[in-house]
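Both complexes shown next keep subunit A, but they swap its partner, so subunit B is in the first and subunit C is in the second.
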Partner chain A sequence: METLPDSLTTPLVELLLSIADDKLILGSRNSDWTGLAPILEEDIAFSALAQDDIAHAASLYEFVAQLTGDRADRLAYGRQPEEYRCAQLVELEDGFDWANVLARQFYCDHLDELRLSRLARSCYRPLAALAARLLAEERLSLGHADGWISRLLGSTEEARQRMLAALTALAAPACALCEPTVGVEALESAGVYPPAEGEMFALWSGAVAKTLQGAGVRLDLRPPGSEYTGGRRGRRSEAFAALLDEIAEVYRVEPEAAW
Partner chain B sequence: MITNERIRRVLETIPDPEMPISIVDLGLLHAVRVLRPDAEHDASRGAPSPSHVRVEIDLIPTFVGCPALDMIREQVCAKVASETGCRDVRVNFVHEPPWSVDRISAAGREQLRSFGVTVPDRSSPGAAGALVPLTVSGAAPACPFCGAAQVELTSRFGPTRCKMIYYCNACRNSFEHLKPV
Partner chain C sequence: MGLSKARANPPDPSAELTLPVEGDMKTYEVFTQLERGKPHVYAGSVDAADDRMALLFAREHYGRDQECVQIWVVPRSAIIRTDYERDLVFRLTDQSYRFARGYNVGEKWRAFMSQKEYVEYKEEDIKEHF
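Coming up: the complex of A and B.
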């Protein structure tokens, strides 16, 4: 279909903001590493991936803005903290620890690949077209993250231990990534967000486990209880406000400034 | 008289800011529309002057986050306006159909190769969106300078969003290869 029924606008905005907010916040956190990544090639790669994440967020904000008559800049920088829909995992400070950064990226990229694959099959054609394009780029990011995780886990004992520690420490917030957005069932039954071939947490944890298994690692990944409410419902961690203050600084001074 | 064909010829002279070929050879051009917004224009006065025409051009970005998009838009608007006299030129960036290396013309591929930039084959599995492992694989390009097959992937990320870096162990040159999307 070419136009979206009004009743699906709010659920779709919730879903697209959850993806866009994940990417904006993750891309902003990762931008902190420009100039600091372990080797020159990785510095270029990681900066490029951060740029992709923020650009993907921008394209999704623009899509939402056209649905609701809003402005992409306001969606990105002009909301109250509780109006953001990112998972808490992307908000967390990484302590400038490269293993933390890779673990976070790895967990997030696997979810993005699943979400975008579903959206690329959407019956809402303009959305499917955008998602297909984002998905092709997302796979480059996912391959990069999988590659780092595999190589560090298969490297020296210190590298393996530090990578394992980070993967374990972030496992709990990562398992909350699949928290459903409000109204997602309506999008699924309408074919706007076609159901995956299985339950999302099982697919996500299965994909994560497959890469880890290649390095001989098994993590205990369990979904939060069904009563869990977190980032997708606007519950923000302490770190979020400071991050938003920083990335929204220019917007607050000059809301009409061009990106 | 402004026609689609004339606009296309103008676009063929506009180089991509990051690639030594035209934006048309790179496969960015999707559609051109020449519109005459003043419907009440009196047909008896003949063809509308260029200043009464609106030109809309749909371009497909290589990467969603390509930082050259604003520059491309400015160059297209300025050149189409100066070459045709049209005052209302609009550029839309669209994602359907998605850009892929398959959209690069044969002439564009040859021109890129002569500048030391290789392009994944149309038929290579990578072009379908599969991942290229960070090793020399069957899909590795031949060196654009000496033709040798002894090349290795140095970095999956290069100087622009759409390129990666290879190194030729035969002639010891680095070269750029477009990402297989």
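Coming up: the complex of A and C.
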């Protein structure tokens, strides 16, 4: 399918914004670490991976903008907080604790890999082509997160304890990552967002558990209840407004500027 | 959270630029290839905890600012090398005739290639074969 039926535009925008907003906010939070990561090599690698997340967000905003006649910059920086669709996990301040950052990245990358794999099989071909490109890069980021998590869990007792503490502390907001976006069922039945080989929460928690298992760790991950509404429905945490003010500062000076 | 040790103790700028390896990290040498079939060229080194991490660091450090088709990382410890002080690499007796210099062939070669006879010969040769 080369063009999208009108009835699917809104659900697809909801879905793509949830991915793009996760990546924009995560990439912005991670960019705070430029110059501060625990070793020099990681500093450069982590900053480069943050740029990947923001680049992914940019191409998804561009895709949405073409669907709705909007502008990517406005989508990224010009919406009201409740119009964002990111999960609350990415908004939280990491307290400049490296274990928190890795746990957050690890949880997010596993979900992104699943979401992009599904989109790469979309019957809406322009979307499948974009998702396939993003997926190839996403796997690098996932390898990075998995590598660090396994390494630290298998390292000294202090490293293991700190990594475990962060994984446990972020487990609840991480489980909310899989909150479905509005109208996603229509996209699934139309093949625009083909169903996965199972339920998303089960796949995500299974993938997370597999890496942790390698390090001898079991985490109790439970899906939020069916009535749960969170980040995907626009519920923002307190940390969000301050972050948006910061990243949108330049945009707001001259919203119509062409860069 | 402390800053990386590398920043806390910057190296003496007049000395060779090497830093002590931290913890259980090892040093890997990195080679990049810019085009398939072309040689892999030494790019620099990274410190990493294991092979996979070394490849990831190398990719992010050396593979992104230029179009790069392949990266090699090699543990520095795997490289067998000569010693600056102990090992003789170059010879001590005068064998300067081995240097590829002093032969002014460039100009002669260009003159030969542009000769009328040669150009004609080449054209004939191509005609005969194809």
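Here is the rule we use: the second predicted complex is superposed on the first by the 256 of 259 C-alpha atoms of A that agree within 3 Å, B and C clash if a C-alpha of one lies under 4 Å from a C-alpha of the other, contacts with A are read in each partner's own complex, and residues count from 1 in each chain.
In this text, contacts are C-beta pairs under 8 Å (C-beta built on N, C-alpha and C of every residue); 3 or more make two chains touch, one makes a residue touch a chain.
Keep in mind that what you see is a predicted model, and the values were worked out from it rather than measured.
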Checklist entry - Do subunit B and subunit C fit side by side on subunit A after the overlay, or clash? => result clash
Checklist entry - Thinking of the overlay built on chain A, is A:38 touched by subunit B (first), by subunit C (second), by both, or by neither? => result second
Next on the checklist: After the superposition on A, what does A:250 contact: first (subunit B), second (subunit C), both or neither?
Outcome noted: neither
Next on the checklist: For A:242, using the defined touch cut-off, is the partner it touches subunit B, subunit C, both, or neither? Pick first, second, both or neither.
Outcome noted: neither
Item to check | Partner touching more residues of subunit A, whether subunit B or subunit C | outcome: B
Checklist entry - Looking at the overlay, does A:123 come into contact with subunit B only (first), subunit C only (second), both, or neither? => result neither
Next on the checklist: I'd like to know which partner A:133 touches here: subunit B for first, subunit C for second, both or neither.
Outcome noted: first
Checklist entry - Counting only touches as set out at the top, which of subunit B and subunit C does A:97 meet: first, second, both, neither? => result second
Checklist entry - Should A:144 be classified as contacting the first partner (subunit B), the second (subunit C), both, or neither? => result both
Checklist entry - Between subunit B (first) and subunit C (second), which, if any, makes contact with A:172: first, second, both or neither? => result neither
Checklist entry - Once the shared chain is lined up, is A:1 touching subunit B (first), subunit C (second), both, or neither of them? => result neither
Item to check | Touching both subunit B and subunit C, residues of subunit A | outcome: 41, 44-45, 48-49, 140, 143-144, 147
Next on the checklist: List the residues on subunit C that touch subunit A in their complex, please.
Outcome noted: 1, 3-4, 6-7, 22, 24-25, 46-50, 52-53, 56-57, 59-61, 64
Checklist entry - Which residues of subunit A touch subunit B in the complex? => result 41, 44-45, 48-49, 51-52, 54-56, 58-59, 125-126, 129-130, 132-137, 139-140, 142-144, 147
Item to check | Residues on subunit B engaged by subunit A in the complex (per definition of touch) | outcome: 63-67, 95-100, 129, 131-134, 154-158, 161, 165, 179, 181
Next on the checklist: Applying the document's contact rule, which stretches of subunit A touch subunit C when the two form their complex?
Outcome noted: 36-45, 48-49, 96-98, 140, 143-144, 147, 151, 155
